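After this come two complexes, each holding subunit A, first together with subunit B and then together with subunit C.
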Partner chain A sequence: MHTEQFSYHRAESVEHAVELLETSDDARILAGGQGLIPLMKKRELTPDALVDITQIDELRGIERTDDTIRIGGLSTHREIADSALLKETAPVIPRTVAHITGGQQVHNVATIGGNIARAHPGYDYEGALLSAGSQIVVSGPAGKQRVPVSEFVRGPCSTTLAETQLVTSIEIPVLSGDRRGGYAKKKEPASGNAIVGVATDLLFDDDQSTLVKSARIAVNGLQGCAVRLDATENKLEGKQLTPDRLEAAAGDASSSLDSSAVLDNKKASAEYRLCLLEPQVQKSIRQAVGERTLYSQT
Partner chain B sequence: MTPNHSDSGIGSSVSRKEDRKVLLGGSKGVDDIPLSDALHIQFIRSEKAHATFTVDATDARDVSGVVAVYTPDDIKQSETTTPNPFTLFSAPMEGVPYPDDSLRQRSFAEDKVHYHGEIIGMVVAETQRIARDALDEITIEYDIIGPVVTPQEATADDAAAIHESVPDNVAFEGGQGDRDLTDEQFENAAYTVELEKDAQRVSPTPLEPRAAIGQYDEATEHLDIIATTQIPHAYRRLLAQMLEHPENKIDVTVPDMGGGFGARQHPYPADVLVGWCAVDLERTVKWRSTRTENQLVENDGRGYEGTWEIALSEQGDILAVRADIRYDLGAWIARGAASLAEAGNLLMTGLYDIPAAYSHVTGIVTNTARIDAYRGVSATPMLMMLERLVSKVAKKAGMDPAAVRKRNFVDPDQFPYQTAGGAKYDSGDYERNFDIGLDELDYSSLRERQEQLREEGRYIGIGISCWTEVAGLGPCGHIDVATWGYGGVQVHPTGEVTVYAGSSNHGQGHETSLGQVASHELGVPLDSVTVVENSTKEVTEGVGTYASRTAALTGGAVAKSCRKIVQKGGKVAAHETGVTPDVIEFDDGTYYPIDSPEDAVTFSEVARQVHMGADIPEEMEPGLEEQTYYDPENCTWPFGTHMVVVEVDPDTGEYDIDQYVATEDCGVQINPTIVEGQIVGGIAQGLGQALYEEVEYADDGTHLSAPLRDETLGSNGGYTVPKAEHMPDITIKSTTTPSPHTPHGAKGMGESGTVAAPGAIVNAIEDAIEPFDIDPMTPPITPEKVWMAINREGKE
Partner chain C sequence: MTVEKEEVTVTVNGESHVVSVEPRELLSQTLRERMGCTEINIGCESAICGACTVQSDGKSVKSCTRFTVQADGADIRTVSDLADEGTLTDIQQAFTDEHALQCGYCTPGIVMAVDEYLDHNTDPSREEIRNEALQGNLCRCTGYENIVDAVETAAEKLD
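== the complex of A and B ==
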């Protein structure tokens, strides 16, 4: 045992979890433990109590209501990557999860709730959730709240989540039409985390159409939080997708970005991250476009 | 008598006997040993690299469950003898004396620390958690002394001395080879190239963090150690000497160990103190390091920096090589470190017939953890630099790098071949091996394709690296410890066989390969052979596993013991069949008189008979068991060629390895599948050195490379050990040039990939981006470095 001593509590329900979080001074939620336990072993985090939420059934499952997909906060990387429903309705999400490293061992236990709650800039979910227009559903003493992902993550490893709240689910709007997703990532080789990860959520009328109804493209790993690439999106949205336009859109990726906010650290310099952006954006869009033949004027 | 073949003998790719256990999670490491009432040790380690210090452990002693806290004073004042300093197993090189005694590593720092992580003391408690908690209650006051973290800093004029009696931080200095001749050759050369190298320390990173258990029985004064070491018998000898405890009252056992790679050869201060603590407390004590603790102090490999040069004639003959090396030793000179300098020099001419070579090595102490053996040892930097130089000088002369290599290889009829660095290579047929690689790549068309692709803005590169290693160290007297191979073989009356091997299996598959040697020699099925290893209790003697020595030396000893057994059995068979022993044949487990094969006696019948001792020749002792201490006449010198094709994307600096062809020759292969495993594993580590790995210290000497995965914001993400996703597909080819002097022609095969891959990969990348006319790259070559080189310096 390398951690400091802590007490362990198993929550039976969301209400119970909130209660447990309220009653202990310095409690932490334990989901898959893939982010939390390494920090505790190094004693970088020394919570007094752990509230284990893994037995709470209502946090599981991926379902569709009329216009929303609800991903339970405890859904594992594996369940999400394998979800036929998500592949159909919000393909950017499972495409992204396929790029999370750590192998089956990590994928079988790590959860989406834990991933987004940790809000690490090198993690992959944030960009995909942002591109898919997701809301983070949190529960706490004051009840349930929906927070857009862009507001939920405040900065590197920082969220608006109060100590007494937990992420119960993630909601993604269902869009009608042919929705396509892509994710391209340049990994840092030791951690497998993203130096640059680009998530693309494109909407077409049908699988033949090359008219982009909507384009939502977000990048994570580049700055402290994931950001949308407005310039690229604008180049594509409402337009016929031609090979030139695709390249031009990728070429514009950095133009709407605050380049002073680009991370500059030992994983990669800011300059190099920006160099990687365009090719990764291209790759990500191409993956979303898939086999469809691009529009050509001739 | 002829060698005997069976399905599982030498040359057969039988599946490894140990795989089932390993793959199904049945392995048991030190930490899996069940212990009742063991106490747990946590070491108090320095957080600073260079400082005098005082320790206050008052609060820690008060923590409930803490049994003992040892500060330096507590250790010194105990009745148990303070551990002696470590010893070295050899002087640095011929003519260079042993370094100053004050440089020999101590088990703990008394009042001054010399590197981040050095042991200051220990806490012993009822549980690991309590011991860990008590560590947080210890206060250490440091008085910082300016740390010297690199050889450059350590030898600067105003550098602080790490050890008072060595004011210039130079542990030793010496040259090997013919300096004058080398200089002369350089003066006469048509082309010369000079190349700098930085120290690039890399971490061996075995899967299992180090651990040790000490059990002391006060009644018998017996100290039982269970530990993570590659050299159980030698480890025992060292502990005996350092603890001043009789060697025959110490036993060392190694359970399944998750890798060693050289780093688990010599004991560390922690190992010595675990033994010391067991004796002092007369209890069972256990220590298990975390990954962080393991990485912090486990020896790094390499540490060679300096200048390497090559000289080429107008016609393309390599005239000489020269190196001026600063060798970063870490804060103390590790047991094996000094002699690694010599090992590298011996083979600095690689596979080429180079008339002159000279290398000068300055061993320098720095405020860092120790450097010692790591797979590939000093062959890796020496041959990586040689192979880079050969490619560069060929290009400078407008010649093809493959052609220059072919022109300069030592010819098959030159063996045994005396190198200008001082080695005597046993056998080789280099060009035959090299040509297989060229054919596999379709080399000349590939060069044409490279030209065409460049026109299209695509950049592929071909990298070649030839290698050899000092495998199977070696003839006794080479270094100042025993280096024979030990193999005992016992034949049970049932005909089953137990092999007692003086080596150490920690992933290499000895249960299988050494079993195959016995199966082959005795003509018994592999299933009837059990291999016992890794224990001073069960195996009489041993030198351990390092320097790619087990196949040749333990395998050789086992073969020799088997041959003694076959001979003794032959006498029994002769006695039985009423003929003289010289007309007895032995084939596939049966003895028969050459003229009356129908009178055959099986090996197991003979075994039973010798065991009973009833019907055997009069002068013969009962029992069928033999031992061999095999002292080879030379090391073995395996060799090969690695060829790599990469494509570099100049816009991002990213590269892909399109092809990797390793053509190897390790003489007779006992088990080709195990050989392949060694090649692939070695390439992974060599690829790590080329592309990913470098141990990093902060300017103040803080070690920064402990975690393998690091989520700390702004960190580099961790120390990158290559993973499956980083590995290319590898094509493995082989030639067989037997060693003329080992009993079954085998040579060592442990280190090819770590020696050859770095040069091959670096050469390939540099070849790809040659049109950009950039300066030489410095490994590890990250895509960002390539991008920077092309886009900052690039001249195209």
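== the complex of A and C ==
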């Protein structure tokens, strides 16, 4: 199955990519192609030019600079899942990637930049990036800009990216303490996308402590954009975590949400999505808590 | 729309080729139609079933969802390159011994994915075999049980 015709351009640098994007009315960036090529085959997208960014070295690499972790926009799912640095400093990210379907064939080439730029509500990265407090770094004709992920994604498959901009990296703040992550997902059976995916980023003092210094929990798949679960976070933050508190926090998950904004479509009804929320929140928090023992308060 | 053709150099099963392709030509097409690699099977054409899996520089990819221009300079291997003058690899032998195929349509893709997977994880659990090694491939015949057996057997032999 073909796509429509297009002209192909290989960008050598970020500036070159921006120039190439500017010269055509309907150019698109090609990264891993795992989202774009199927859409082009279905004629949902018919760009007249593709700008291949995969040769741009400055878009690669995962490194720590002072108080920030920088994930290059071309980092593949495989590289992120295997990153020892991320497992230690922002574990919610690699935990989430393990739930992205499509197999190693997709993980070998699909990129974090392509995933967040597509902003599909069933994709998994957005919730994790939101829970980890990420900024999306974008470059375009006017230079470089940092946009919090909560502003970057405007709605289902819609972002603030201009046609001449690209995602160059993702930045995550480093937190001091014992940072733990979890991700729990109910998959839509056919596509593997999330009907509900819950990302948890918890901070403790050390690997024994049960005092939650900060809790950031976000859900994707539920609404058009990923959203933080404020009520659940408030029940946990600054508190000693006990089995009862964990359950109560998960039980409150939907109380701070606008239930009229819950997606209701042929993949899953709003009612079903909401039913899935509490158990998935529990599962995600438990994964983040990990091996540490929680004591009931007497 | 007339587009310029692109010249692509690609090594396929050890042999170097230079081809001139429309940018939209898919790697699966180049391999099947120009190079006679009909061992690559085409199922869903949309990155789901994995029947078209080949290895590109040692990494498995779904060739129906790669443009040939993206493979410029790459070293591509298909399942035909695995056996050494008729002697099957441990993975291929395990698929035979465990009856891990019925129609066989999915097999070349699965074997290439598993071949890469067992390089990274030499001692996978049955759950990992299902959720990781076989995540990117569909089989419509076997019900997977024998495929999981075959991957387990192959992993034991490779140790």
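One rule holds for everything that comes next: the second predicted complex is superposed on the first by the 295 of 298 C-alpha atoms of A that agree within 3 Å, B and C clash if a C-alpha of one lies under 4 Å from a C-alpha of the other, contacts with A are read in each partner's own complex, and residues count from 1 in each chain.
Everything below uses one rule, namely that a residue touches a chain if its C-beta (ideal position, glycine included) is under 8 Å from a C-beta of that chain, and two chains touch if they have at least 3 such contacts.
Since this is a predicted model, take the numbers as computed values, not measurements.
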{"item": "Clash or fit (per the criteria above) of subunit B with subunit C on subunit A", "value": "clash"}
{"item": "First (subunit B), second (subunit C), both or neither touched by A:E188", "value": "first"}
{"item": "Which of subunit B and subunit C A:G197 touches, first, second, both or neither", "value": "neither"}
{"item": "Which superposed partner A:G221 touches (first subunit B, second subunit C, both, neither)", "value": "neither"}
{"item": "First, second, both or neither for A:T54, with subunit B first and subunit C second", "value": "second"}
{"item": "Subunit B versus subunit C as contact partner of A:G122, first or second or both or neither", "value": "first"}
{"item": "Touched partner set for A:K266, first subunit B, second subunit C, both or neither", "value": "first"}
{"item": "First, second, both or neither for A:P156, with subunit B first and subunit C second", "value": "first"}
{"item": "Touching partner for A:P91 - first (subunit B), second (subunit C), both, neither", "value": "neither"}
{"item": "Touched partner set for A:Q5, first subunit B, second subunit C, both or neither", "value": "both"}
{"item": "Stretch of subunit B penetrating subunit C in the combined three-chain arrangement, among 24-32, 150-158, 600-608 or 690-698", "value": "24-32"}
{"item": "Footprint overlap on subunit A, comparing subunit B with subunit C", "value": "1-5, 38, 41-42, 101"}
{"item": "Residues of subunit A defined as touching subunit C within the complex", "value": "1-8, 30, 33-34, 37-38, 41-42, 48, 50, 52, 54, 78, 101-106, 108-109"}
{"item": "Residue ranges of subunit A in contact with subunit B within the complex", "value": "1-5, 35, 38-39, 41-42, 101, 120-122, 156-157, 186, 188-193, 265-269, 272, 275-276, 279"}
{"item": "Touching residues on subunit C, where the partner in the complex is subunit A", "value": "1-4, 6, 22-24, 26, 45-48, 50, 53, 59-62, 64-67, 69-70, 113, 116-117, 132-137"}
{"item": "Contacting residues of subunit B [partner subunit A, same complex]", "value": "127-129, 132-133, 290, 292, 649, 651-654, 692, 707-711, 713-723, 725-726, 784, 787-788, 791"}
